[in-house]
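Written below as structure tokens is the structure these notes are about.
Labels run A, B, C and D following the written order; every chain starts at residue 1.
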Amino acid sequence: MTTTTTDFAPTAATLAKLRRKRWYQHPMYGRLVGTVAAAVLLDVMSGPQGSREDVFFSLDKSLGSMRVVWWILGAVALWAVMEFGKPLYQRFLGPKVGPLDRFTTPVTEPVKAVTAQARAKTADLRRIVWVRLGFSAVVIGLLILLPNLLSTFWNQVLVNEVAIYVLLAIGLNVVIGWAGLLDLGFIAFFAIGAYSTAYWTGAMPVDPPFKLNAFLVIPVAVATCLLAGLLLGAPTLRLRGDYLAIVTLGFHEIIYLIAKNADGFTNGPRGVQGISNFGIHIGPIDYDWELDPVPYWYLLIGIATILIIAFLRLEHSRVGRAWTAIREDEVAASATGVPTVKFKLMAFAIGASTSGIAGVAYASKARFISPESFLLLFSVLVVAYVIFGGMGSLWGVIIGTAFLAWLPQYMKDWVDPNDRFMYLGALLIIMMIYRPQGLIPSVRRKRELSMAKAGLGDADAMSEPAGGRMT
Amino acid sequence: MRAPNFFYKGLGFAVLKRRVIKIALPIAAAALVLSACGSDDDGDKKKDGGSTAPGNSGGGNKPTWTIGFQAGLSGENAQLGINEENGARLAVEQANAKGDLPFTLKFKTSDDEASETKSVSAAQKLIDDSNVVAVIGPAFSGPTKAASPNYAKAKLATVSPSATNPSLTNPENNFTAFLRGAPNDNAQGGGMAKYLSKKLQVKKVFVVDDKTEYGVGLSKVAKDELTKAGVQVVSDSVPKATPDYGPISTKIKNSGADAMIYAGYYQDGAPFAKKLKEAGFNGPKFSGDGTNDAQFVSLAGDAANDWFLTCPCADANVEAATKQFTDDYKKRFNTNPSTYSAESFDIANLVIDQMKSFGAEKITREGMLTKLKGASYKGLTKTFKFKQNGEFDGATTFIYQVKGGKIGYMGDIDQLVGG
Amino acid sequence: MQPDEILDYLIPGIMLGALYAVIAIGYTLVYGVLQLINFAHSEVFMVGAYSALLALTWIDPSTNPTALVSVLLVAAGLAVSGTAGAATAFALEKVAYRPLRRRNAPRLAFLISAIGASYFLQNLAGKLFGRDSRALPTLFENKKVFSVFGTQVTILQLLIVCAAVLMMVGLDYLVNRTKLGSGIRAVAQDAETAGLMGVDIDKVISRTFIIGGFMGGIAGFLFGLHLQLSFTMGFLPGITAFAAAVVGGVGNIRGAMMGGMLLGIVESFSSPIFGESWRYVSAFAVLVLVLMFRPTGILGERLGRSA
Amino acid sequence: MSITTTKADDRPRVDPGDQVMRVRGVTLRFGGLVGLSDVALDLHRGEILAVIGPNGAGKTSLFNSLTGMYVPQEGTIVLRDRSGGEHSLLGRKPHLVNRLGVARTFQNIRLFGALTALENVKIAAETRQKSGPVSIMLGLPNARREDRESDRRALELLHFVGLDGLLNELAASLSYGQQRSLEIARALATDPQVLLLDEPAAGTNPTEKLDLEVLIRRINRELGISVLLIEHDMRLVMSVADRVTVLNFGKVIASGSPAEVQRDPEVVAAYLGAEMAAEMTGATQAEVGGVPEEGSVPAQRDGEEQR
């Protein structure tokens, strides 16, 4: 082994030498370095966009100006307050209380009490069926009224960004949140759904055997995605969990490259145009979804509601329980007779077909699709949305996704939309460290994570934690 | 057996790190807020609307109308869009400054990132603004194809300075609001073929396209025209944004072709040029207006030398008619006008001209569309007239060649070949 | 493809394979000690390329450098990119992975954190240096050095292969002959036991990242000399190199070298055989097929046993 | 093979002619290490068979081989159901082994901690149900009926093991002894013919130990389930087991009635000779004073490694 352990008995003197620290080795200076580094990074992050002519442009503006000095001074000040403020405060003004607690406690304590009470009350209320139904009715009513309060632009956002991504997130939540599998190729199924729509409505260069109404494409797309999901999942789900991530990523790229390169079938990078809209033509009913986004909004909340009801049933059924079991302890689950591969595959396929449904909706709303609508980036985006909302918690996922899909549109006049992925990346890291359970966590998930932290269990379907358990 | 404690002195650092991050987090939060407030300095001002136009304030009770502009202003190949944006913006600012307009003119840009997908929502942004009476753009053929059905439905006229794919004006598409402000690729492809077969008298040409609407269209015309002229043609497609042009360069070298044509944009043209040079291909190399930009030369370096670049656009810096424009442009944007700047300036003036002809009447989108279709306007670069299907009336192609790191203007192909 | 063209594709393939092998080693090393796919390794590669771009733009070489200046410039590029890559990998481990290890986070959390880090770095670079592709300044004229049966071998190809081989030999020595190397192997075999035996796991993991990052950074610079730079440049080579690591058996260093070489050559030949458009499908197809049907790779897994 | 039944009332219970599980020549190797070598074992229908042996003797490896978690390289493992049909368990997937009627508990309890006691048992009770995801999502009557059925079955079993009051408690929040009982209830919910208990008494206090003894007997008698038991607590083994098999170094060294085995010189040598005197004294101590023996503590760790 590398380090000698037993063959020398440390004397008291050597031990003392080892223990003694130079002044600069005090952890507080480490914290100073960390804080300043974070400040410099933030300065760079918030600087101007780079320029095509000058590589140094952005760095010059952010690091070569007074800005960075302000940032560093701010960081040092913050560090000083955190390091010295607390002891000073404790010494002179009151022991064992943070400097701000004196001001916050009178506010937070009653609030905490009230929220606890309210929580208990709502928990009681939630058991009453009528209250639940009434609450859902109110929410759906508000959602129906929502487009009337917004401009056309925001209605477009509501449909193109919020609704479509919420559909996707609901599906991915089954895979990531419930079955504990990381699927990085989720948008590939979205693409399959979209291209199915293009094909079956006769918009592709290759004509289908018969044309279908966009509504009828939904079951066809679901079946196609289900099949694709099974074909991809069956061999790979037997492997370790992180391999699934990479295989799905590879699968996504293959689908993307096929869409891009199979010109004869998909029209290549030029994309497919003139995909037909949703429409109902049965007897006296003759209705088409056209340019106006609002009818699409109604259609999509309809689809989402059906899916939510179905998935909630699933979560509280034997299937949902089996997923939880697999996530927590695959070995015990399988010894208890749970066919783990079958249930993982089921989750994977259910997720895939939901993605397919979203693809149909997207294609027939946009009426134009090209490979660029299905970048790997979007797969990662959905993963980020699901995690932000709280994987495993359906409501968390929906609200988190809606928020994150809306935010960049809202912020786009202040923050360059191109920077979105930078912030999302940082958000993912921070979430994983501080709040892995997400914004509105699922109860089960939260428990699992705290148990994993204590070294008692696992919280995904990927066996041991990386690097072994730390003790 | 347990490890002695001091082997875990690293653990002290572990605690430290956690604390560091705990401190860093509030800063991160603050930064998010700050960056939300603070990022609209510098370059962004240029992007947001026409509020910078000098003559804008004295509007009084004049109505305000907006000219929309759609192109790729960020992302890959954005330079062409920016060239056009500047040209059009200059026209709007000058018109406002003159002060003789019966209305206040605004300029609203919408960035489609040169992407088909983004194009639909970029167009929607302009359609949803009822003040927009006409749109200049979209710049590229792909985005034009994606957005045109919606423009047609909204009856909002779009005049593109540079979407040159021939199929856009195909009546089957029903792009009824699309007008092309430049000769299409038939002219460019034909020009290349003519120059190669007549002037350079090559026997075999390798044509590569980038699989975009523009590239495929241009290469198809070039191939047809070359075949017609009795030249042997070999072709291949390399999708846009391919990192490595090594293998295709080797293939071209090994094919024994005398010359090659690349139908694509400068972002890919540049690395292609480099790899062609490395592979040792020395024949004449051609590309179209998508590559005709200074960025091509600056990215490709030495390898860009001797490339022939065609364009339906004349060089504003050289032609006498555009002298005044070039000076104004330089003053306003601190850089020389480049490909399509002058054309875009002309088209903006064409649109303003038609708007003026409404006089005191309320300007409607439909009215604008009809007027534009029937317009005939003599701009700095050429005379703008449209055929029934929105096609540009006329076909002149100019040719340039890269020499010593500069795109040198050679002139009208027809004149160079000698009729 | 004509038989006499084989070398025209084989030689670039070997060059590409050497690069992939070097990147693949970064994946394999980290996988060995952490059992984690370091998704952000492709960004380490990108950072290496951009740091060299910054340094070389700052030096601003003349258009026709003399031979000596060329050598110095290349050396500077190698040094800067290697250092930057190592520093990035080090920071990455500290910020994105170590806090999670302290918290006993599930593996899923590591993967997500890795993806977050990857997108953060990628788009930060996109923001800072612009989202267009760029080219490194010309450091030397890429002349041919000699030819093999009529196919020329260029300076760049020679440089890349030599640098890669040197790094791989050095790494092999490091892992098999040094104290740090035996630490790495011990942690790879069984982190818990290694910890009990007195190996400072944190230090070993940190240094493993540094080694992988150093090699990845240099690979980025060499790749930048070969092709153009862009903020997404890490993705394709990254995933291909990962596929290479898997083909050779994740955690197996010699496997990664072999897998990289294999995939480089496959990719180079798929161009003339399947057409340029399908070139990148081949890498993904190999990846998916290998993972589906031989998940332990050709040489088998485990850093500890076969390295 | 001779059977000595010590108690009069259970004579009709065991049918020596009907072997519910027959193990022959099972050999399991990990790389170069031999985990089990030529192990033979018979479990008669209705009996309680204890497997004892020093730590590392291969007891848990044997259990893992019987339940499909390990695949032994050689040998046969046959399960006979009541109608006389024979099924080979060798190499079968764990959940399929379970479906054939072999349930187990784990040395280190492995419950689904974030689920309630009721849900833990329901998961097991539901594994034989047929309703698919579609009928569940549509809320079809058969899915609802099955859900009610599994509720009923789970309640019944929780009552059987004496956890009625704790239905909605989280499994992780239960006491150690309760968790043991819950794990047994979960195993029983899969309707097994054979129940494999891996050190159920480890870490329990004397009262819990007595309860456990009663519970094992009740499972055996009331439910008619054959029990295979790994246990270090000799007092429990002696009082509950019909027969005892002793493993050492992966080999069966003795088999017979508890009294016979206790006298077997080879067994004594195995325990003492393998420097496991502490174990033996621990066991005798337990026999005398009922103090939880120290031997079970390291034993737990050896199980951990085999996960």
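Just so it is clear, contacts are C-beta pairs under 8 Å (C-beta built on N, C-alpha and C of every residue); 3 or more make two chains touch, one makes a residue touch a chain.
These are the chains along with the protein names UniProt gives them: A, C = Branched-chain amino acid ABC transporter permease; B = Branched chain amino acid ABC transporter substrate-binding protein; D = ABC transporter ATP-binding protein.
Quantities reported herein were computed from a predicted structural model and do not represent experimental measurements.
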| item | value |
| --- | --- |
| Chain located farthest away, centre of chain D as origin (C-alpha) | B |
| Top chain pair, ranked by number of contacting C-beta pairs | A-C |
| For chain A paired with chain C, centre-to-centre distance based on mean C-alpha positions, whole Å | 28 |
| Rounded Å distance, chain B centre to chain D centre (Cα mean) | 74 |
| Chain A and chain B, separation of their C-alpha mean positions in angstrom | 35 |
| Euclidean distance of C-alpha centroids - chain C vs chain D, Å | 50 |
| Shared interface positions of chain A, touching two or more other chains | 3, 5, 45, 49, 51-52, 260-261, 416, 418, 426, 433 |
| Residues of chain C engaged with two or more neighbouring chains | 95, 99, 102, 131-132, 134, 195, 197-198, 200, 277 |
| Per-residue multi-chain contacts in chain B, two or more chains | 1, 3-4, 7, 13, 17, 21, 74-75, 78, 211, 237, 239, 295 |
| Chain contact topology (line, ring, star, complete or other) | other |
| Contact pairs between chains, per stated definition | A-B, A-C, A-D, B-C |
| Interfacial residue positions of chain B with respect to chain A in the complex | 1, 3-4, 6-7, 9, 12-13, 15-17, 19-21, 23-28, 31-32, 34-44, 48, 74-75, 78-79, 115-117, 120-121, 124-125, 128, 142, 145-146, 149-150, 153, 211-213, 216, 237, 239-240, 295 |
| Chain C residues touching chain A - in the complex, by the definition given at the top | 33-37, 53-54, 57-58, 95-97, 99-113, 115-124, 126-132, 134, 179-180, 182-183, 186, 190-192, 194-195, 197-201, 204-205, 235, 239, 242-243, 246, 277-278, 280-281, 284-285, 287-288, 291-293, 295 |
| Interfacial residue positions of chain A with respect to chain C in the complex | 1-5, 44-45, 47, 49-52, 55-56, 58-59, 176, 180, 182, 184, 235-236, 239-243, 245-247, 249-251, 253-254, 257-258, 260-261, 376, 380, 383-384, 387, 416, 418-422, 424-429, 431-433, 436, 449, 452-455, 458-460, 462-471 |
| List of chain B residues in touch with chain C within their complex | 1-4, 7, 10, 13-14, 17-18, 21, 74-76, 78, 211, 236-239, 242-244, 246-248, 250-251, 254, 267, 270-271, 274, 278, 280, 295, 299-302 |
| Chain B-touching residues of chain C, taken from the complex the two chains share | 2, 5, 8-9, 12, 63, 94-95, 98-99, 102, 131-135, 138, 142, 152, 154, 195-198, 200, 202-203, 226-228, 233, 236, 268, 271-272, 275-277, 279 |
